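In the two assemblies presented below, chain A is common to both, partnered first by chain B and then by chain C.
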Partner chain A sequence: MLTPTATDRISRWTPAIFACALGNFALAQALVAAGVRWAGVADLAAPTLAVVHLLTIGWITLLMFGALFQFVPVVTNSPLLSQRLSLGTLSFIELGLAGMVLGFFLLGSPLAALLPAGGSLVVIGILAGILNLAVPLARKRPLPLSARFIIAGLVLLFLTVSLGLAFALALTVPAAAQALGPMLANGVADHALAGLGGWFTLTAIGVSYELLPMFMLAPHERGAWGHAVFGTAILGFAAALLGGFESIKLFGQAAIGLAILLYLIDIARLYRDRKRRQIELHNQAAIGAFISLGIGLALALAAALSHGWTRAAPSLLFVVLFGWLSGLGLSQLYKIIPFLAWLARFGRRLGRGPVPRVQDLVNERSARYVFVAYFAAIAVGAAAAWLGLAPFLRGAIAVSLVATALLAREYRRAWRGHYAQTPRPAPVPGSPFHLPQP
Partner chain B sequence: MREDAPLPTEASVREALHDVIDPELGFNIVDLGLVYDVNIDGRVVDVRMTMTTPGCPAQGFIVSGVEERLAQEEGITGVFVDVVWDPPWSPRMMSPVAKAHFRIREE
Partner chain C sequence: MTMLAPLTLDVRDELRRGGEPLPRILEAVGKLEPGQPLRLLTTFEPIPLYHVLGRKGFGHVASRHGEGEWEILFTPGQASASETPKRQPDANRTEPVAHTDWPTPKTTLDNRGLMPPEPMIRILQTLEELAPGEVLEAINERNPVFLYPELEARGAAIKVEQRDDGAFRLLIRRGG
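Coming up: the complex of A and B.
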C-alpha cells in the first residue's frame, strides 16, 4: 500500500504540460516553414512576433514549468504548493497565449486588445507557477546551487513578463504608449536578455547541474567553479539590466558571456569526470545543445565586437531558441517522459513481479538518427540565418519540424510502454498523472 | 504463512531484494548499495536504505516495492522500511557487479 508521501513528489500535470508545449513548438515551426518571416530583434513584424512568442511562451516557458514542477520537489525534497496551481499555470498560459497570437495578427484593428488581455492571462499563469515553486524553494535550507539558478531565473522571468505586458499595452493603447514610451526605449533588448539569457538560460543551467550528474553518475558538487558561474551571471545581469550607463551595461553583457563560457567549460569537465562511461542518448544529444550555446556565445561576441547586432540577431536568436534551449529540452524529454511513464505504468508493480527499466521504454537506435537530423537542421538554419538565405532557413525549420514530430512519436511510444518487453500492463487505476491513458 | 516456514536471515532478505530495481539506473537496489542495513527480529524485518538522490520521485514506489517483495517471503510477517540520507549515496557504494555493469573503475 503506497503511503500518502509516496506520490507527493510527482507533478501530476507535467505530462499534459509537455504535450501542450510540444504542440505549440510544432505550430511555431510550421508557421515559419509556411512563410512567416524569421527576423532579428531589430526587425520584428507582427507575424514574426507571434511566432517568437509561441516559441518563448508556448514552448520553452511551458516546457520549463513542466520540468520545474517535477524537478523542484526533487531538489528541495518538498512538494509543490498545489497540483491545481500547475493546472492553473497551464490553462492561463495557453488561453492567454492564444489571445496574444491573435492580437499580434490583428494589430491595428480593435481586436488588437486581445494582445494585452492575453498577456495579462499569461502573467497570471506565470505568477501562479512562480508561487507554486516558491513554497518548496523557501522551505529548503541551505539552497543547493541548482535551486539558486532557478530562483534567479524566476526573478528574471517576472521582469521579462512585466516588460512584455508593458509592450503589449504600449502597442495597443495610445495613452499607454505615451506614458510608457520613454521607459520602453531600451526595453526590447532588456526583454530579450532577461528572457533568453536570464529565465531560460539560468534555469536550464540550474536544471542541468542537477540532472546531468544524476544520470551520468558524475560529481554532483560543482564547487568553486559552479559558484563562479552563478556569481558572474548574477553580477552580469544586475549590471546589464540595472546599470544606468552604457559602459556598465556593456560590462554586464561581458560578465554574462563569461559566465556562459565558464558554464560550458564546467559541463565539459562534468562529462569528462562522469562515472558512467556509456551515456544514454538523451545526454549524447544534449551535447548538440551545448555546442549550440557555444555558437550562440561566439555569435554574440562577434556582434558585440563589430557592432553588428542587426546582422547577427536572426542567427543568434535562431541558434539560442532552436539549438540551445529547444535542443536541450527535446533531449531531456527523451529521458523525463519515459521516467514519468514508468512511474505511471510500472511503479505500483515494483516488488510484485518483473518490471522494465526506464531505459527499456525507449528505442535509442531509431531516435538517434532523428536527433542527428534535428541538430543538422539547426546548423544549416543558423548558417542560412547568418547569410540571409531565407529559403534555406525555412527548409531547415521544416526539417526540424519533421524531427520534432518524430521525437514526439517516440515520446508517445515511451508513454504508452510500446517498447517494453514485459507484458504491456493495462492503465493502472489511480495513475498519478492527469493525462489520458491510451 | 506456514507456521514451520524458516525464519528470515539477512542473506535471504538481501537475496529477495535483488528483485527490486532502481528504475532509472535499471539495476537492483542491493548491488547499487542502496540497502544500508537489514535488522531481523524474529519474523519482522527492518530495512534501512537510501535513494540515489533525495526527493527521488520514485521513492514511494521503491519503498513499496521493498515491502511488497518481502511480504511474499513465507517467513516474514512484518516489514519496516526506513529511508535515510546519511550517509549520502554515491556510486562508490555499488558492488563490483554493479560497477562492472556501469563500467565504473574500481578506486
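Coming up: the complex of A and C.
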C-alpha cells in the first residue's frame, strides 16, 4: 500500500486559467459582434484570423490546459511536473497571443513581426504545458482510454502549432515565405484539421469519457466502442495528415468522420445506460454540444461529397468552435467550478458541521435559460453562416456573448458561494487555489 | 418510559436522485425528543449509519419490504445492540482486512456507485465519529485525490492501494 502525498493533485492555477480563457472568449465574440467578419478557410482576412486565434488559442486551448492540469493528475494518480509551469503556460500564451492579435491587425507594417514573435511565445507556453502533462502521463501504465485520447490530442497540438508558427513566419518574413511556401500549400487545411479535429476534439472526447460517467453514474469502461473510436480516429489522422496521395487523405478524412460518428453513438449509449435518472444541468447542456458535433459532421460530409468546402467552411468552423467545443466547455465549467469552489470553501468543514452540497452552490433554474439562449444563438448563427447572412450571424454572436457573460457571472457566484444558504461560512484560510477568495 | 411516536424520515427519493441524505438524517436525529425513535425509509440497508448512530446511543431494527425498500427503526438507549455492525459481504475482497500494523478497521464504507463528492463526504463524516487511532476502511471506485489534503489537514494517516477490480481500497487512521 502507498501513502499518497496530499496537496500535489490539485491544480492551483486552473481557476485563474479558466478566468483568462473566458475573458478571451468574450473578447473574440465582442470583436465579431462589433463587425469583424466571420469567414472560412478560403477567406482569411487579417482581423478574422485574429478572432479565430483568440478563440482557438485564447479560449479553447487555455480552457483545455486548465482542465487537463487538474484532470491528468487525477486520471494518472501522479502529480504535474510543476505547478509553477502551469502559470508559465498561462503567461506565455496570454502574452504571445496579445502579440499575435496585434500582429494580425498590423500585417504589412514592420510591426507585423509581432505575429511570429507572439506565436513563438505561444509555442513556448504550449510546450511547457505539454511537458507538464507528459510527466504524469509517462508514469501511468496501463494508460486508460481517456489518457490515450489526451496524448493523441497533445501530439496533434504540437503539429498544429508547428504549422502555425511556419505560417506566421511565411506571412511576415519574405525569405521564409519562399522557403516554406510549397510546404504550406495544403497547410491551412492540415492546420485546421489537426487543431480543431485533433487537439480539441480528441482531447474533449478523452475528458468527456471520464467526466460524463462520473456525474451520471454511467459505465466508465467503454469497452470495444471506446477502442474503436480511438483506433479509427488515430488511423484517420495519420492518413489525412501524413498520407502522400489525395486518395489516402480522403480515406483518412472518412475515418475521422466515422470515429466521430462512433463516438456520438457511444455518448448516446452512455446517457441511456446512466444509473442516475435525473441529469444535472451541465450534462443537459452538454447535449447541445453533442448535437453541434453531429451537425458539424453532417456539414463536413455534405462538403466532402459536393466538393463544397469553401461553401461549408464558415458554418462548419462556427458550429465546431461555438457549438461543440465552446458548448461543451461552458457546460462542463458549470460543474467543475462549483466542485472546486466547494472543495476550497468547505473541504475543511466536512464531517464537522452542516455543509452545503455542491448543488447548493449553483442555481440551475436561472442558468438553464442562459444555456437555452446560448445554444439557440448557435443554431441561428450556424444557419446564418451557411446562408451567408452576415448580420444575422453577428446578431447571434452578440447573443452568445451575452449568454457567455451571464454564465461567467454564474461561475463567479458559484466560486464565491453566492447561492449557499446561511450560515455562509467564512472562507477557509489556506485555499489551495491561486484566485482571490471573496 | 412511555414510548414516543417515531419521527419518520423518507430519504428514498433523494437517494434515487443520487443525493447524499446523511446531513438530513443527522439533522432529524438532532430534532428528536429525548427517547423518541427515528423511523428511516431508504433504498438500501444503511450499514455505515448503524455505526454512526450507534455511537450516539441508538440501536436499530431493519426490515426489508421489497426491492430497494428498507425501513429502519432507530431507538435511543439501545447502543449495545448495535455496537458492532455486521460487515457487508464483499465478493471482491481478495485479501485479509488488516495486513499492516494498524488496528482492524472499525468500519468499512463501500462507496462504489456514489457520485463524487459523496464518497469523500461519507469518509470524512465517518472519520469524525472514530476515536483517535481507530481505522476506517473504504472502497472507492476512483482514487479520491481531493480527499487527501483534507485528511492531512486533520492529522489522519492514509494507505491506499488499487485492487485487481480497479477499485481503490483505503485505510484511514484517525489522528490524535
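One rule holds in what follows: the second predicted complex is superposed on the first by the 433 of 438 C-alpha atoms of A that agree within 3 Å, B and C clash if a C-alpha of one lies under 4 Å from a C-alpha of the other, contacts with A are read in each partner's own complex, and residues count from 1 in each chain.
Please note the rule applied: contacts are C-beta pairs under 8 Å (C-beta built on N, C-alpha and C of every residue); 3 or more make two chains touch, one makes a residue touch a chain.
Given the structure is predicted, the values throughout are model-derived calculations rather than measurements.
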Side-by-side fit of chain B and chain C on chain A, or clash: clash
Partner chain(s) touched by A:S78 [first = chain B, second = chain C, both, neither]: first
Partner chain(s) touched by A:G223 [first = chain B, second = chain C, both, neither]: neither
Contacts of A:L343 with chain B and chain C, given as first, second, both or neither: both
First, second, both or neither for A:G388, with chain B first and chain C second: neither
First (chain B), second (chain C), both or neither touched by A:D360: first
Residues of chain A contacting chain B in one complex and chain C in the other: 1-3, 5-7, 9-10, 73-74, 77, 214-215, 217, 275-278, 339, 342-343, 347-348, 350-352, 355, 357-358
Chain B residues touching chain A - in the complex, by the definition given at the top: 19-21, 23-26, 52-69, 72, 91, 102-104
In the complex, chain A residues that touch chain B: 1-3, 5-7, 9-10, 70, 73-78, 214-215, 217, 275-278, 339, 342-343, 346-348, 350-352, 355, 357-360
Chain A-touching residues of chain C, taken from the complex the two chains share: 16-20, 23, 27, 100, 113, 115-117, 120-121, 124-128, 141-143, 145-146, 148-153, 157-161, 171
Chain C partner contacts - residues on chain A that touch it in the complex: 1-7, 9-10, 73-74, 77, 214-215, 217, 220, 275-278, 339, 342-343, 347-348, 350-352, 354-355, 357-358, 432
